[in-house]
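Chain lettering (A, B, C and D) follows the sequence in which the chains are written, and residue indices restart at 1 in each chain.
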Amino acid sequence: MINKFVPDMETALAGLNDGATILMGGFGSVGQPVQLVDHIADMGLKNLTLIANNAGAAFGGMTKLLQTGAIGKVVCSYPRSSNSTVFIDLYREGKIQLELVPQGTLAERIRAASAGIPAFFTPTGAGTQLGAGKETREINGRLCVLETAIHADFAVLEAWEADRWGNLTYKLSGQNFNPIMAGAAAVTVVQTQHVRELGEIHPDAVKTPGIYVDRVIHVPYGDPTL
Amino acid sequence: MSETQPKPLTREQMAARLAQDIPDGWFVNLGIGVPTLVSNYVGADKEVIFHSENGLLGVGPAPDEDHVEPWLINAGKQYVTLLPGASTFNSAESFGIIRGGHLDLAVLGGYEVAENGDLANWSTGANDAGPAVGGAMDLGAGAKQVWVVMDHTTKQGVSKLVEKCTYPLTALGSVTRVYTNIAVIDVTKDGFVLREAAPGWTFEEVQARTGARLLRA
Amino acid sequence: MINKFVPDMETALAGLNDGATILMGGFGSVGQPVQLVDHIADMGLKNLTLIANNAGAAFGGMTKLLQTGAIGKVVCSYPRSSNSTVFIDLYREGKIQLELVPQGTLAERIRAASAGIPAFFTPTGAGTQLGAGKETREINGRLCVLETAIHADFAVLEAWEADRWGNLTYKLSGQNFNPIMAGAAAVTVVQTQHVRELGEIHPDAVKTPGIYVDRVIHVPYGDPTL
Amino acid sequence: MSETQPKPLTREQMAARLAQDIPDGWFVNLGIGVPTLVSNYVGADKEVIFHSENGLLGVGPAPDEDHVEPWLINAGKQYVTLLPGASTFNSAESFGIIRGGHLDLAVLGGYEVAENGDLANWSTGANDAGPAVGGAMDLGAGAKQVWVVMDHTTKQGVSKLVEKCTYPLTALGSVTRVYTNIAVIDVTKDGFVLREAAPGWTFEEVQARTGARLLRA
């Protein structure tokens, strides 16, 4: 029998070690795996690479995680935040590396990892600093850069509903990077607001089929705050 | 500047001027800042559908305090509403919409626009600033039309319409029109064309504040 | 006001001309735009290129369309059918060209067109006849071929529900190629079983956002048959 | 062949033998033909989730005539049911699941399997046959494990396990195990290894019908 639910944070994040790369879902405060990130901050890890759209925000344990010194490198599109200077301070002090990726290229590189596409061409970033050093090619009259898939060791995500096969739904703008990160990591861990019996989620309503998901933990923390 | 110099447009006036030109039925992404104001000035006679990078189509006005849906924010991380007919999707799909050329229009802010349509709007090149790009490069490269709304010059009076961008580029040759506080300027294969000067401004006055040759329409 | 509904087949397919390339949704008999295909067969066109997963089947006007001689070339993964020899006969007689594409590569090439990815690498087909003549590269130790986006002039699709903005849902296995073809063509035309008012389809239930869709026609023909 | 020659397995017996080896909890795609039969023999003590290329996960048994859902077919274009926990998705997502290495197992038919794991199962190379490939190349290249179920030899007695495929290839070096009507054979970096002979068959008899060197387990 398949049962992807795990009883506690220790089990959910077992095997996450120093030097790991971590995909983290969420856009702003919505759809971010707040409690998983918080637990990672408590694990005392070193030299992690965090891949997420936003990295500078003050919510959801991110500040704590950055302050512990666990993060050696951030891959993201938008590290700035109006309500936190933690990332910027660490970056200016040279204590954290930053790989800045255009948001759509970040999404597509992560989706490519999940979909088994090792590399693709895109016009985004061609001829700019963020395309510098990348292979380029003119295709159909447009300059394109070659971008590669972003695989990770762990993906930590938040869902609205989950069942024991790992099928997931999301709520409104809580979807964002979560569905494409599921499957782009060796181990995909999900915290879910709601637990559903098998069959309660209509087949056409499933946003992330359970095949992408390894572990699910029930964290009904309620609504996100800005 | 002489005392008779007409006033430049306010941010709200720039947004309102731009909004006039959006046709009924267009799908539009609004960047952060002045572009966001545009949605306030699209007339009720037009149905314009707003896209947000984080996975929304059919974004409505901000909710009042009593009707906030905490699971619904836009790319500027502000609470929003959804109109009837709205849809949600993941970030890869959202940028497929952008990159695939499905948006009729992206309205972006700008540091500089060059006469060949190059856009610089994501970095001033300062090393210690903590750079951030978000969806700017994707929007710049992907939308069918890219309209930039920005002041015509910096506070120091330096033109933001230039022959060649000096700031790091966002996208190559993609800007099709610029709405500034003194003019509406088309970017054509021949360069900048003055489409309209703000009330009271002359071609010569606009040209004097533009760092590249301005053509008459 | 946006209203993508059109009153008749003539309007739905206006602008479809000789020599056009057409993406056609459906897998087997399910999700195929039966009446749109039927009308195309009646238009007396020539030298069309049809891009679809299946091309040999006896259902949904496909046989008629093939027999009219309108189709000069088929791009598909599986032209054979247990209940029709029309395609095979035309192919053997040299009256129709065939570009055979692995099904996953076909899907990804179409999705790439919609998503603005001009080309991508994939291991599928590398080292086989269907990869022959294509640019190859070893990536992460695996031989890959470079595949390009498939754009078309028209996409003809079937949906379960549609509203006037062009938002679509699909039913069960009726989804298949339909959502990825929407947006991969200059003109996307949809026949829908059901018409919904704006807002009747929940935002999280929309499978194809209306931005990809140009024209919708209401064709409540009922259940498909095998 | 002598009169005492043991009988080879039937199609059903081959499918049943393969089904024994599928662990609880695996996600599996079954090809058309004998592979499809495998689902009949997975014991009720195991939860195995079947994937269908046309966009289904959690495929259940065929419906009886009175409970056909006309909008629900599998990749073999047969009516199927969905189990509680099933999901539907589009063809790009379905092949993302395949190509991305998320399937634990693909069970495919075969014309030939080579000792390096190369598979030929989509074309006999005849020009006039009206070729078709479907999802075979994607499944062959994408699944974590590729098990082939096929007769050990052709009707003419020619081995389908070979040193090098003569038919057009489906995928390179991807087959990990072969279930035939007389043996279960692992494909290892050293070549074919006899894991199990069918009841009554000896290593030598299996080797005699195998077109490449067979190693003992």
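Miscellaneous remarks
What we mean here is this: a residue touches a chain if its C-beta (ideal position, glycine included) is under 8 Å from a C-beta of that chain, and two chains touch if they have at least 3 such contacts.
Note that the structure is predicted; figures quoted are calculated from it, not measured.
Think of each touching pair as a link: the shortest run of links from chain A to chain D has 1 of them. By count of C-beta pairs in contact, A-B exceeds the other of the chain pairs A-B and B-C. Centre to centre, using the average C-alpha position, chain C and chain D are separated by 29 Å. Rounded to a whole number, the gap between the C-alpha centres of chain B and chain D is 55 angstrom. Here the spacing of chain B and chain C, counted between their Cα centres, is 35 Å.
Touching of two or more other chains is recorded for residues 108, 111, 115-117, 122-123, 170-172, 175, 203-204, 207 of chain A.
Looking at chain B, residues 56, 82, 88-89, 92, 95-96, 98-99, 142 sit in touch with two or more other chains. The list of touching chain pairs reads A-B, A-C, A-D, B-C, C-D. Residue ranges on chain C touching chain B, taken from their complex, read 1-2, 111, 113-117, 163-165, 167, 183, 197-199, 203-204, 206, 209-212. For chain D in complex with chain A, the touching residues are 24-25, 27, 47, 49, 51, 56-58, 82-89, 92-93, 95-103, 142. Residue ranges on chain D touching chain C, taken from their complex, read 52-56, 69-75, 77, 79, 82, 88-92, 94-96, 98-99, 123, 128, 130-138, 141-142, 168-172.
Chain C contributes residues 108, 112, 115-123, 139-140, 142, 144, 148, 169-172, 175, 203-205, 207 to its touches with chain A in the complex. Residues 27-30, 53, 56, 77-80, 87-88, 91-92, 98, 100-105, 107-108, 110-111, 122-130, 143, 170-180, 207, 223-226 of chain A touch chain B in their complex.
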